[in-house]
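What follows is one structure encoded as structure tokens, with my remarks underneath.
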Amino acid sequence: MSDAKRAECLRGKGVTKIFGMGDKKTVAVDHVDFDFREGEIISIVGESGSGKTTLSKMLLGLISVSEGQIYFQGQPRDIKGGKKKREYWKNIQAIFQDPFSSYNMFNKIDSVLLDCINMRGGKHLPYEEKFKLMSEACSFVNLEFKELTNKYPFELSGGQMQRLMIARIFLLKPKILLADEPTSMIDACSRSTILDMLLKLRDEINMTVIFITHDIGLAYYISDQVYIMEHGKFVEHGAAEECIIHPKAAYTKRLINDVPKIYEEWDLSTV
Amino acid sequence: MKNTLRNIFHSPKFVIGFVIFFGLLLFTFIYPWFVMADPLEMVGQGNFFKPGTYVSVKDTVDSKYYTLNIQAKSANLGDHIEDKDKADMRDWLVNYGGVSQEEMDAADDNTLVALWLEHYDSKAKQKGLLASKKKAFVRLDKEIQKLASDADMIIAQENEDGELEETASVDSQQYVNTRDISNKRTFVLGTDNFGRDVLTELVQATKVSLKIGLIAGTVATLIGLLLGLLSGYIGGVFDDVIIFITNLFTVIPSFVLLILITYSVGQNARGVTLIATVIGATSWTWTCRSVRSQVISLRNRDHVNLSKLSGHSMMRIVLTDILPYVASYVVMAFILQISSGILAEAQLSMLGLGPSTTTTATLGQMMNWATLYAAHLNGSWWAYFPVVFVITIIAFSLNLMNTGLDQVFNPQLRD
Amino acid sequence: MGKVMLEVKNLKTKYVTRLREDVYAVDGVSLKIEEGKSLGVAGESGCGKSTLALSLMGYYFPPLHYMSGDIIVDGKNISGMKPDDVRRNVLGTEIAYIPQAAMNALNPTQKIIRFIEDVIHVHDPGMSKKDVYDLAKERFGILGLPEEVLQKHAVELSGGMKQRTVIAISTILSPKVLIADEPSSALDVTSQKMVIKMMRDLMDKGYIKSMIFITHELPLLYNVTDDIMVMYAGQIVEKGSAREMVFDPLHPYTKGLMGSIIVPEEGVRENKLTAIPGTPPNLKHPPKGCRFADRCKYATPTCSGMEVPTIEMPNGREYRCLMSERKIREVYENE
């Protein structure tokens, strides 16, 4: 899994986001460099207010980059104008934290999935073909498409809704998936399913998954590469094993120290 | 969607408001089928006729008579003597007429009059009574004598020589059947200052006012919704400009604006539709502001972001991902705009700046006429009270519907 | 065996909804906590753990309604008491409750010391302001909160500090039972650790006699409480000491839950996470038999046919399953 073998996917140089002007200026993301390789799961770990969501919005192209440059597959990313943006968005998709706000509650599940097929140029396929694709996507995430037709997303549980989001990704097959805390609002036993599916996306479709989380345990479990973020800067990055089991930065050490443990003693005195 | 509708019709407040409003609307449509007269036809010659049935005097004379054994005298007296006078009569009879208190307590109007006729004597000793009061009793007695008179009346007709010729005599026991009288007219709510039937006029005015409310509400909601959606979603400079215009409209009292616009349009051009449009065009600001603030919070919702990532056009995102979420609010705003549109028209017309038309009435104009002809001073309540009542009931039913909807759409407000 | 601080016998409560479809959120819960002990309550969202916390206070307001059962706090039965009596005589002195969003409950226009005065004056109206201040100062000092906090407004404090302040305020009367419902879930890990340390201190120094800690984070429960109780669909499915529950779960649901624990410790990456398929039953119409039967891979037709009794083991452990302990271990062994 060394860096050299894998193709470059997203690379950033001095990426900065500044909100406001003058006295009210806040630097949300402060000159970060990163290098995400294809087919890896990359975790960005940070506490609330560390700027990880701002960074993810910049990666998605939903907000502009104040300074610095993001490179996509080795080329400087150019998303000025609606057409270029739409072209870029064919390569990157997202899953967000709150499944309940990720769906338009007035659209049925079929239309959510059909929309994805239409986007991938399958508009003129016969319905049987579309049905097959949708069933395939649903079975990828252990859902039964027949039971979902004519239902609204809010009739499902949080975990099922999040899985449907992954089914959507499976249909769209983007190069990069940005998962912004996809498991923080769902129960532990549904969480494992989601994580397994993200791993499956990486292994089966060679998707690059950018996993944004505040939970260092999750990052350790799922990722190949870990970036630890504090106050808009990356304080440490590297392979998961090395970064989390043998942390070097003081901040990482503190984070790991403050998470409750099971196998080791959790030292309460060091607060 | 179906579920929401079911919930809405489970809300008692909404249902009551809905029934009142649509009952009223339906009435304005059904009433003209039965009463086909022109609502602005001047039937009466004179101002403010009391509510009631009017029969032709001439036809009454011409009708067939029936002799009924009814105490016509005392009925007349009972109706024509005021309560105050009756009390005075009782006092006089007890104090000076020698009638015992018990007998007086038991007496009804008929016996009271009989006792009065029997016992009253203007020359009796009336100790402790002022001279003016004594005279008043004499006058009262004369009146009662006149009313109680059994004398027959003669109906005469002028002949060719200009002399009167007796055609019939009418005694007090003679009656006519109202069915036999061919010319009669009932004014349930009397007539107004121009002698027009208030009820018919009111029904038409309600219809026109509702139309004004609907047009004003639609115009205001459409402008507000469109500007709110666009400024909220697009943001940036566009938003700044829109919000500047909105603030401008909010800061200048819209009623003043309304007066200025209607005044400048000119007397001849002010039709119903124009007034309604002008009202709508000055009252869209609140809809715009609230839609904008809702859109701003929706704009950052994940499903909108996902829709963007799916490459949908702005138009589609606004229409499918944002509009349905604000729809419930817009419906409620629309209902309130109807109500405020009707009120704004009433206010304008009261000032004489309403639709200047001689072919239709509006609720505000009816109020204006009633005020101009001092209906409130001469006690002609039927000229303005029903109008006020209808305005109130419309505003009440619309607000009730709005509150009901609010409870359905904002579950936190329930219970 | 210590003195029993809180005993709950077959408590049942429900939510009454507008459409007359009652939700039986807590359906027959019995538990016992001794002095100096803490009990953790775990479960998925919607399993009734937060409702249990509200029900235990005896402070019912619509839509939550009390149905049956006893809540005995230090020998005193508080079930069926009027809300006003509960507020005056139970809350604060007998039971203290800390919800997840407790830190947002502080009125931002008042100084912290005013809240403490309010709390104390409900129970002891005669206490002078100075005495209150001294008491608060002492307590804050012991709990490691700076004294300046007392003179500050809530808006001047950070989230973690606010949460700790609220805990200090609500335990100022040394209640017998502290019920904490996800007190640290909305906080960063460092603040969370401070909150946990403070609650430990409160227990160790005897300011609270016993504690019920409700959270969905199992590693946290393992480190905070002596015993863990797992709830599912309004019922207790298993109860035991923290170590037993995490490393040796008996009930299939507990096993699934424990199998989904993720901690940043060496070797965890190689663990296979377990996932429980399906969704919990609808509590408007709870199933007759075992409520977990639909999702359980060991379920037999008998499971959904009859009410499953709770099996109590000699060491105080209990679980609600038709399989015997030996059978369960055998089944798990063979996987």
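Each chain gets a letter, A, B and C, in the order it is written, and its residues are counted from 1.
Criterion: contacts are C-beta pairs under 8 Å (C-beta built on N, C-alpha and C of every residue); 3 or more make two chains touch, one makes a residue touch a chain.
Values in this document were obtained by computation on a predicted structure and should not be read as measured data.
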- Query: Which chains lie in contact with each of subunit B and subunit C?
  - Reply: A
- Message: With contacts counted as defined, which of the two, A-C or A-B, has more C-beta pairs across the interface?
- Response: A-C
- Task: Please work out the Cα centroid separation of subunit A and subunit B, and write it as a whole number of Å.
- Result: 64
- Message: Averaging over Cα atoms per chain, report the distance between subunit A and subunit C in Å.
- Response: 33
- Item | For subunit A, residues that touch 2 or more chains besides their own | none
- Query: Tell me, which parts of subunit C touch subunit A in their complex?
  - Reply: 44-45, 188-190, 192-194, 196-197, 200, 216-220, 222-223, 246, 256-257, 259-269, 273-277, 279
- Within the complex, subunit C is touched by subunit A residues 47-48, 142, 157-160, 187-193, 195-196, 214-221, 240-241, 244-245, 254-256, 258-264, 266, 268-269, 271
- Message: Applying the document's contact rule, which stretches of subunit A touch subunit B when the two form their complex?
- Response: 60, 62, 86, 89-90, 92-94, 96-98, 101-104, 106-107, 115-116, 119
- In their complex, what parts of subunit B are in touch with subunit A? 1, 301-303, 305-311, 320-321, 324-325
